[in-house]
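Notes for the one structure printed next.
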Amino acid sequence: MQLLHSLCRVPAPAGNEAALTQFVLNYVHEHQASWEHRPEIVADDRFQDCILLVFGQPRTAIFAHLDSIGFTVRYGRQLVRIGGPQVEAGYRLVGQDSQGLVDCTLTVDNETGELGYAFHREIDRGTELTFYCDFRETVTTVQSCYLDNRLGVWNALRLCETLEHGIIAFSCWEEHGGGSVAYLAKFIYETYGVRQALISDITWVTEGVHAGQGCAISLRDSLIPRRAYVDRIRAIAAASGIAHQLEVEGSGGSDAKELQHAAAPWDWCFIGAPEDHVHTPNELVDKRDIESMLALYRVLMQEL
Amino acid sequence: MQLLHSLCRVPAPAGNEAALTQFVLNYVHEHQASWEHRPEIVADDRFQDCILLVFGQPRTAIFAHLDSIGFTVRYGRQLVRIGGPQVEAGYRLVGQDSQGLVDCTLTVDNETGELGYAFHREIDRGTELTFYCDFRETVTTVQSCYLDNRLGVWNALRLCETLEHGIIAFSCWEEHGGGSVAYLAKFIYETYGVRQALISDITWVTEGVHAGQGCAISLRDSLIPRRAYVDRIRAIAAASGIAHQLEVEGSGGSDAKELQHAAAPWDWCFIGAPEDHVHTPNELVDKRDIESMLALYRVLMQEL
Amino acid sequence: MQLLHSLCRVPAPAGNEAALTQFVLNYVHEHQASWEHRPEIVADDRFQDCILLVFGQPRTAIFAHLDSIGFTVRYGRQLVRIGGPQVEAGYRLVGQDSQGLVDCTLTVDNETGELGYAFHREIDRGTELTFYCDFRETVTTVQSCYLDNRLGVWNALRLCETLEHGIIAFSCWEEHGGGSVAYLAKFIYETYGVRQALISDITWVTEGVHAGQGCAISLRDSLIPRRAYVDRIRAIAAASGIAHQLEVEGSGGSDAKELQHAAAPWDWCFIGAPEDHVHTPNELVDKRDIESMLALYRVLMQEL
């Protein structure tokens, strides 16, 4: 879990993912020699802060978003949200502005709900703040801010160790309206003819999806994937014997939104471990669900 | 109305339109020999469950969505909506899961509004349910679930009998956020240079649009089409002498949303018969408005 | 300010921008001989009512939307909004229908908030109404309806006088959901390789952005631009010595929405003068902020 811990500590609020992009690129450069197959690395100006790793003759692309939720400093001591963080007075927030490192606490006005910060000085307008990373590991769980989606990124990087054919796409802005998957998807479809996707992201523990019972295959969230594709995935998962759960939600979204609305016929399915304490500094995931997620992706990337 | 009845009975909730796709393809294969002109049929993996029929040298494309509203089985006896169905306790819902056919009734919690079903057993998670089809025809009306949009599909198939130049596009997911028109529109524009569209869909009886007074030409809904294009259509309609009404709404949408936001300069106009009891099992349309719709499309496809 | 006054008087509600398109084209044809460099004018059927002016070897594109907010006549004496106008009973609205010119007043139902008009006759269904233009100029300010975005258009036209390299894109539908920037952006990116954008539009006077202190560089609104690009712009602005302010909002949008979601890696930044009395007939802008806006765009188009 050292890699996961490192990933959780790198700040990458939506719109300013560059530090995590560099971390992932460094990781790939350092580790690819030990992978069974080496990918083509596509990461230039045409892709902003996104990265594509292309292995062999790809049939399926995995999308894992790099960015996280957070806050932007507005005027005075006001904050506005990046994405949809939970807000509780006292959450520790960190960042950096022209005067140096920032380490402050979140304030929430009892009456108006307006967000602010408590710090010994004013912070530069436009500074991004993210949750302080307090990474906690037990025998059975990991807990930290930003498991959504550093676990999805971790899953993708671990897959690289054995992946023979497939594409890994590290995307940006997922937590705040999207903005990179449209062009990643266009490039992938036009260059490689790939139009099957898996969304390597983290979902919710609910009354129907429980911690420790395997990663979730989402049958729908706010959008509905094509039934025929999801049925193929379910059949492969069932035959694999790997623990998994079926999720059905009426809300929530992912990088799949941009695939669904792309000008190409993408089939997609969200598959990810469930977490508790969603979008707080205390996101909690069961290690069995992480193992299930990685194992299921390995099988799917071979058989889809 | 036998064709319309058959269309209404085929289940095709958004995301699982395959049965209706097959029905339409079969219909085309069986009937095209009797049509004045035979189309090129474009329906392969690049188009998921959509179908394109290309006649002659097309200048205008008609979009008719195959999918319908419905419900997805969640956990326990919960349901979540597909699209925006009206909900009334007691509506009869049908479907199929691993244990066989399902024929149950909708329940609505009086306090929470939570949706569920009453059935003698639990239904598989993720199963789609649709309204039971009780097709009712009188001398002057037809009534059924899913006239929206099986009437739009019917209109398109009837047009095929005489159409010389034009494209018919049968789309998916319209009731649940869209997802196919973007790539259909891209293919049509890039392959045929066509960027004029008519939306063959069903609208609402309102204080300004009345049953029996002709199909509606929508001047706007939640989106606003380009005035110059709509004015051309109005002029053709006026000159034709075919009964029609002008609709102006501030809400509602259609496949036109994806055309409006496409990366191509689509002009579009929604033209369809109005219905009462929208998005219930009892959608009601006046036959005069159906006749007007078909007649107006025939003229427009010649003159636009 | 004569040009600005003329621009404010031309009606161009979203979806019916043709009159303003023609005005701008006429202006370009009449004045380009006096410009330091002459642009390629791209304005044909592929671009609906939009216009592109391409100067030299462009690296950056400026987007200025032509359209405005307004109202559409519905049934009886009802109105529905085009975009998001403020509504106050008594606002003077003008338009034209089959019976001639319309000059009426807005009514607002006290209880329901329903919008209507007071006029001596019924107005044709579907007629667009816009605010009556009462253009007011003082030594320090201009005030009128539709400074949003005729000032953005004015800024772009004034830039043409000296622009050597760059693209000006006049867009449509910005106030009502967009619909032209997607195809303009695609054409610009594919034809010229340009993917840097500036949004020439008007923003709000707020507690953090004040009239008279220079035009605003927006660090974010409802969307978040890529930090690296905005930082480059801030550095150029700081070095220029031109007065400007930094804006941070959690809501609001612009033509940038379509760039952010385009299938190309656009970097964008909203830069514009702030106005008071937003979306009323009395939009008010300080002349110093107009000067600052034009000066800053001149520098940015050279240095970006």
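Per-chain numbering from 1; labels A, B and C assigned in written order.
The working rule: contacts are C-beta pairs under 8 Å (C-beta built on N, C-alpha and C of every residue); 3 or more make two chains touch, one makes a residue touch a chain.
These numbers come from a predicted model, not from an experiment.
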Exercise. Which rotation angle, from 0 to 180°, best lines up the CA atoms of chain B with chain C, given as a multiple of 5?
Worked result: 120
For this session: Since chain A and chain C are copies that touch, just let me know if over half of their interface numbering is common to both, same, or not, different.
Result: different
For this session: Would you kindly tell me how far, in whole Å, the mean C-alpha position of chain C lies from that of chain A?
Result: 36
Problem set entry | Junction residues of chain B, two or more chains touched | 262-263
Problem set entry | Touching residues (chain side chain B, partner chain A) in the complex | 14-16, 18, 45-49, 72-76, 80-82, 125-126, 128, 173, 176-180, 182-183, 185-186, 258, 262-263
Exercise. Which residues of chain A touch chain B in their complex?
Worked result: 206-208, 219-220, 222-228, 246, 248-250, 260-265, 267
